[in-house]
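The following blocks contain the structures, represented as C-alpha cells.
Paired with chain B in one complex and with chain C in the other, chain A is shared by the two complexes that follow.
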Partner chain A sequence: MEKVLMKGNEALAEAAIRAGCKCFFGYPITPQSELPAYLAREMPKRGGVFLQAESEVAAINMVYGAAGAGVRVMTSSSSPGISLKQEGISYLCGAELPCVIVNIMRGGPGLGDIQPAQSDYFQATRGGGHGDYRTIVLAPSSVQELVDLVYDAFDLADMYRNPVLILGDGILGQMMEPVVFKERPARQLPPKDWATTGKMGRQKPNVINSLYLDPVKLEEHNLKLFKKYQEIEAKEARYEILNGDDAEYFVIAYGICARIAHAAVEMAREEGIKVGLIRPITLWPYPKKAFEEVLPKAKAFLTVELSLGQMVEDVKLSVEGRAPVYFYGRTGGMVPTAEEIFEEIKKMRGLS
Partner chain B sequence: MKMEIIMAGFGGQGIMLMGEILAHSAMLEGREVSWIPSYGPEMRGGTANCMVVISDKRIPSPIISSPDVLVAMNKPSMEKFTPMVKSGGIVILNKALIDERPARDDIKVIEVDATGIADELGNMRVANMVALGVLIGETGIVKPETVIKSIDYFLPAHRKNMMEINEKALKRGIAEVQK
Partner chain C sequence: MKVVFERPKSLQATKTHYCPGCGHGVIHRLVAEVMDELGIQDKTIGVAPVGCAVLAYNYFDCDMQQAAHGRAPAVATGIKRALPDRVVFTYQGDGDLAAIGTAEIVHAAARGENITVIFVNNAIYGMTGGQMAPTTLVGQKTETSPYGRDPQIAGYPIRVCEMLATLDGPSFLARAELTDVKNINKTKSYIKKAFEMQLSGKGFSLVEILSPCPTNWGMKPKDAVDWVKNEMVKVFPPGVFKEPKEG
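Up next is the complex of A and B:
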C-alpha cells in the first residue's frame, strides 16, 4: 500500500473524509489550522460540507444539528477554542449525539501560546462542561495512529451515541510522518433510527433533546448514560506497553510525550536499567488494566506530561497506593528532552 | 542506522522544504522518517528550523536534542544549534552568510558557498538544494536519484520548469564534497 508523507493535521483531515465524515464546522486557530484548510479544499470536491463558522460556539452547535440529522460530523480546534465548545459538548452528551471533536492542544491557561501542551487533560477526561457526562478520549502518538484512531473515533461515536474527543498536541499536528490509509472493513453499527430526518411513516416524531424538567426522568436518563459509560469502560480501554517484559520501573506518558519518554526508556535500557513504558491510547476510559498487568513486578512509576500534573491523578487512582508514583512535567509549551526524562528515571530508581 | 538532522536558517530560504525532501526520499528508500517544523508567529525573514529523523527502526522520539548533522544556512542558526551537535557530528555551513567558524574541534565542519553557487546557477533560491547535495554527498544517507524523484514530487505542476535548476544545484552540492 502506498505510503505518503503527511502532516498530522492534514492526515487527520484526510482520514475523516475516508471515514465518511460528511460535515465539518470549525473556526481557525494555530496549531490546527491545516486541518480545516485541508477540509475546506477537499470536502466540497468529495461530497461533503465545509463551513467556517462565525465562532467556536456556533461551530459546536452546528455539529449538534448535523449529528441530530444522523450524519458523520466533526469539528476541530485548539485549547482556547475547545474551552468555548464546552457547553455544546455537554449538550451533545445529554442528547446522545455521535460526533468527533479534535483538540490539538497548545499552552494555556487563557490564550497561552501556540506551542505544544497537554494541559487540557482534566478538561478532556473530566468534562469541561456541566453535568454527569463522559466523552471517550483518544490520544494518538504518531501520524499513522492519528489516522487509524480517526476511523475508530467515528465508529465509537456511532456505536455508543456519544461524542469522541481526539486529543493531540501542536507537535503531532505539525509533524510529518509516513502514513498508509488502509482500507478497513465496515463495522456493524446500530442503525440511526433516532435521527431527526422526517417521520417516514412512523406515528411519533424523533426528538433530540437534553432537557428533562422532571427530576425523576432526568435521573433515569442519567442512569442510562451511566450504564453506557460503564460498558465503554469495560470494553474500550486501550494501551500499549513497550520494553515491559522484565521491567521493574515504568514511565507513563501519552501522545507526543510518550515518544520522547520512549527514547528516554531506550537510553536507560542501554545502561541496564529495567524500565518500561505504559502508553495509554484511551485517556477515558483510562486503561487501569495496564497497571494491574505490571503491578506485581513494578517498584515505582513515573508519569511524564506536558503539564504540571494532570494524568498523574489517574495513575494514582490506578496504582491505589501499591507503589510510589512520581511526576515530571514541562508546561507552557516547553517540551522535555529525552535526557531530562532519563535523569528522572534514574532519580525514581534511587528514591524507591 | 539512525540519523538525526537539524536544518536551520531564515524564513524564505526553503529550510522546511529541504527537510521535507530529505524525509520524503528516505521514506521512498524504505526508511522510517519523521519531520518536525519549528512553528511560531514568525514568517519570511524570521528564523526557521526543522528536525528530520531517519532510521531503520520505529522512531521513538521525533524531537532531537543532539543532532548528528546540522545544516546552518545563516549565522544565528549556527550559533544556536552548533553547541547541540553530537561529538563527531557534521556541521554544514552556508559560507555566504556565515563569516565565522564554530569554536569546536570535535565536529567536522563543511563550509560551502550555497548561496553563491545557487546565484551562479541563476537562482539564489536553490541554495537549499546545494546544501542538501552536500549533506547527501557527505553522508550517503539517500541516493541522489531518489532526492531528484522527491524534488519532482514536491514541485507543483506550474513549477516543473524549476526541476532542472534544482537538480543542477543538488549535483553541485554533491560535487563540493566529492571533489
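Up next is the complex of A and C:
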C-alpha cells in the first residue's frame, strides 16, 4: 500500500472523504484551515458537499440537519469555534444524531493564541454544552492514527447514534508525516431508518427532536441515553501502554504530548528508571482499565498535559488514591520538551 | 354527501395546543393544503422552531426536524444540501427568525438556499409569555417593554422582507396578513408560490405572515385581528417584495 506524506489536517480531510463523509460544514479558524481548504477542493470533485457557513453556530446546525437526513457529515474548528458549537452538540446528543466534530485545539481562554494546547479536555469529556450527555472523544497522536481514527469516528457515530469528537492540537494538524490510507472492510452498522428523508411511502413521519415536555418522558429518554453511554464505556475505551512490562512508574499523556512524553520515558529508561507510558486513545470513555492493569505494580503516576491540569482529574478518579498522582503541564500554547518531562519523572521517583 | 371541508392529508389528526384565535393553527392548515395541492407531502421535510410552533412536528404529517432557537435555516440548509431533490421548509416565529436567528436567515437568503421559509410575525415572544420581539411596534406594551417600546431604549422593529429584498439570493419574498378571508386566501397563494419557487429550483423563498397572538397581546381574538389590520400593517406593509421577472 502506498505511503504518502501529508499534513495532519489534510490527511484527516482525505480520510473523511474515504470514510464516506458526504457533507462538510465549517467556519474558518486557525490552526485547522488546511482541512476545509482540502475539502473545498476535493468534495465537489468526489460527489460531496462543502459549504462554508456564516458561523460555527450555523455550521453545527447544518451538521444537525444533514445528520438528521441520514448522511455522514463532519465539521471542524478550533477551540473558540468549538465553544460556539456547544448548544448544537447538546441538541445532536439529545436527538441522537451521528456526526464527527474535529477540534484542533489552540491556547485559551478567550481568543488565546493559535499555538497547540490541550485545554479543552474538560469541555470535550464533560459534555461541554447543557444537559446530561456525553460525546465519544478520540485523541490521535500521529498523522497515521489520525487517519485511522477518522474511519472509526464515523463508524462509532453511526453505531451509537452519537457525535464523536476528534481532539487534536495545532502540532498534529500542521505536522507532516507519512500515512497509508488502508482499505477497510465495511462495518455492519444499524440502518438509518430514523432519518428524515421525506416519508417516501413510509406510513409514519420520522421526527428528529430533543424536546420532551413531560419530565417523566425526559427522564426515560435520558436514562436510555445513559444506558447507551454505559455500553460505550464498557466496549469502546482504548489505550496503549508503552515500556510497561517492568515499569514501576507511569507517565500518562495523550495526543502530541504523548509523543514527547514517550521520548522522556526513553531517556529515563537509559538512566535505569523503570518508567512506562499510558496513552489514552479515547478520552471519553476514559480507559480506566489501563490503570487496573498497572496499579498492582505502580508506585506513582505523572500526568503531563498541555494545560494546567484537566485530564489529571480522570487519572485520579482511575487511581482512586491507591498511588500518588503528580502533574506537569505547560499552558497558553507552550509545549514541554522531553528534557523537562524527564526532570519531572526523576522528581516523581524521588518523591515516591 | 359531498365533502366541502376536510382535514388536509398533510396535517395529522390531533388536537393542537394553540390558543383560541391564534394565527399558528390557520397557517399550519394553509401550509398543509399547499403540500397536498402540490403533491409533495411524501418528499417534504419540515423544520420546527423554538417558539409556540415548536410542536409543529406533531401536527404536520411529513418528516420533521426540531431545530435549536433561531437555527432552523441552518438545519434546513443541512437537510437540503444532503438531499437536494427533497422539499425543505422552515416554520419560524419573529423572535426565532429576526432576533436570535438573524444571521442564519440572512445568510440562507444570501446563499439563495433553495428552501422555503414560513415566517410568523406576531410582534411578540408568544411561547415565553409575551416579551418584546424584534418586530414589536413602537409604543407596544409587552412584559419587557411595560411602558411601551421606547426607541430610545429598545430601538425599532425589523422589517424582514424589506431587509432580505436587498439581497440577490431570494427568489420570492412576500408579506401577508391573516385577517379576513380575502387575505387568508392571499396568504395561501403566497405560500404556494414560495413552494413552487423551490420546486423549480429558483432558490430561497419566504412568506412573512402578520398573525394574531390574542393571549399575549391581552386581546379578544376579534380585537387581535383588528389590531393586525389597523396597527401592524402600518409598520409592516403587506405585498410582494421580490419575485422572478416574467419571461
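A few notes on this one:
Methods note: the second predicted complex is superposed on the first by the 352 of 352 C-alpha atoms of A that agree within 3 Å, B and C clash if a C-alpha of one lies under 4 Å from a C-alpha of the other, contacts with A are read in each partner's own complex, and residues count from 1 in each chain.
Quick note on the criterion: contacts are C-beta pairs under 8 Å (C-beta built on N, C-alpha and C of every residue); 3 or more make two chains touch, one makes a residue touch a chain.
Note that the coordinates shown come from a computational prediction; the quantities given were computed from them, not determined experimentally.
In the three-chain model built by superposing on chain A, chain B and chain C fit together without any clash. Of the two partner chains placed around the shared chain by superposition, neither chain B nor chain C is touched by A:Ala247. Look at A:Ile89: by the touch rule set out above, it reaches neither chain B nor chain C.
Contacts of A:Met175 after superposition on the shared chain: chain B is touched, whereas chain C is not.
Of the two partner chains placed around the shared chain by superposition, chain B is the only one that A:Ala338 touches, whereas chain C remains out of contact. In the superposition on chain A, A:Ala66 contacts chain C only, with no contact to chain B.
With both structures placed on the common chain, the touch criterion links A:Cys23 to chain C but leaves chain B unconnected. Of the two partner chains, chain C is the only one that A:Ile208 touches; chain B does not reach it. Contact comparison for chain A: of chain B and chain C, C touches the greater number of residues.
The superposed three-chain arrangement places the nearest Cα atoms of chain B and chain C 28 Å from each other.
Those residues of chain A that touch chain B in the shared complex are 3, 5, 30-31, 114-115, 170-171, 174-178, 256, 259-260, 262-263, 265-266, 335, 337-339.
Across the interface of their complex, chain C is touched by residues 22-23, 25, 49, 51, 53-55, 57-59, 61-71, 73, 87-88, 91, 95, 196-201, 205-211 of chain A. Only residues 20, 23-24, 27, 32-37, 39-41, 59-63, 65 of chain B touch chain A when the two sit together in their complex. By the touch rule above, chain C contacts chain A in their complex via residues 41-45, 47, 54-55, 57, 60-68, 71, 74-83, 86-87, 103-104, 106-107.
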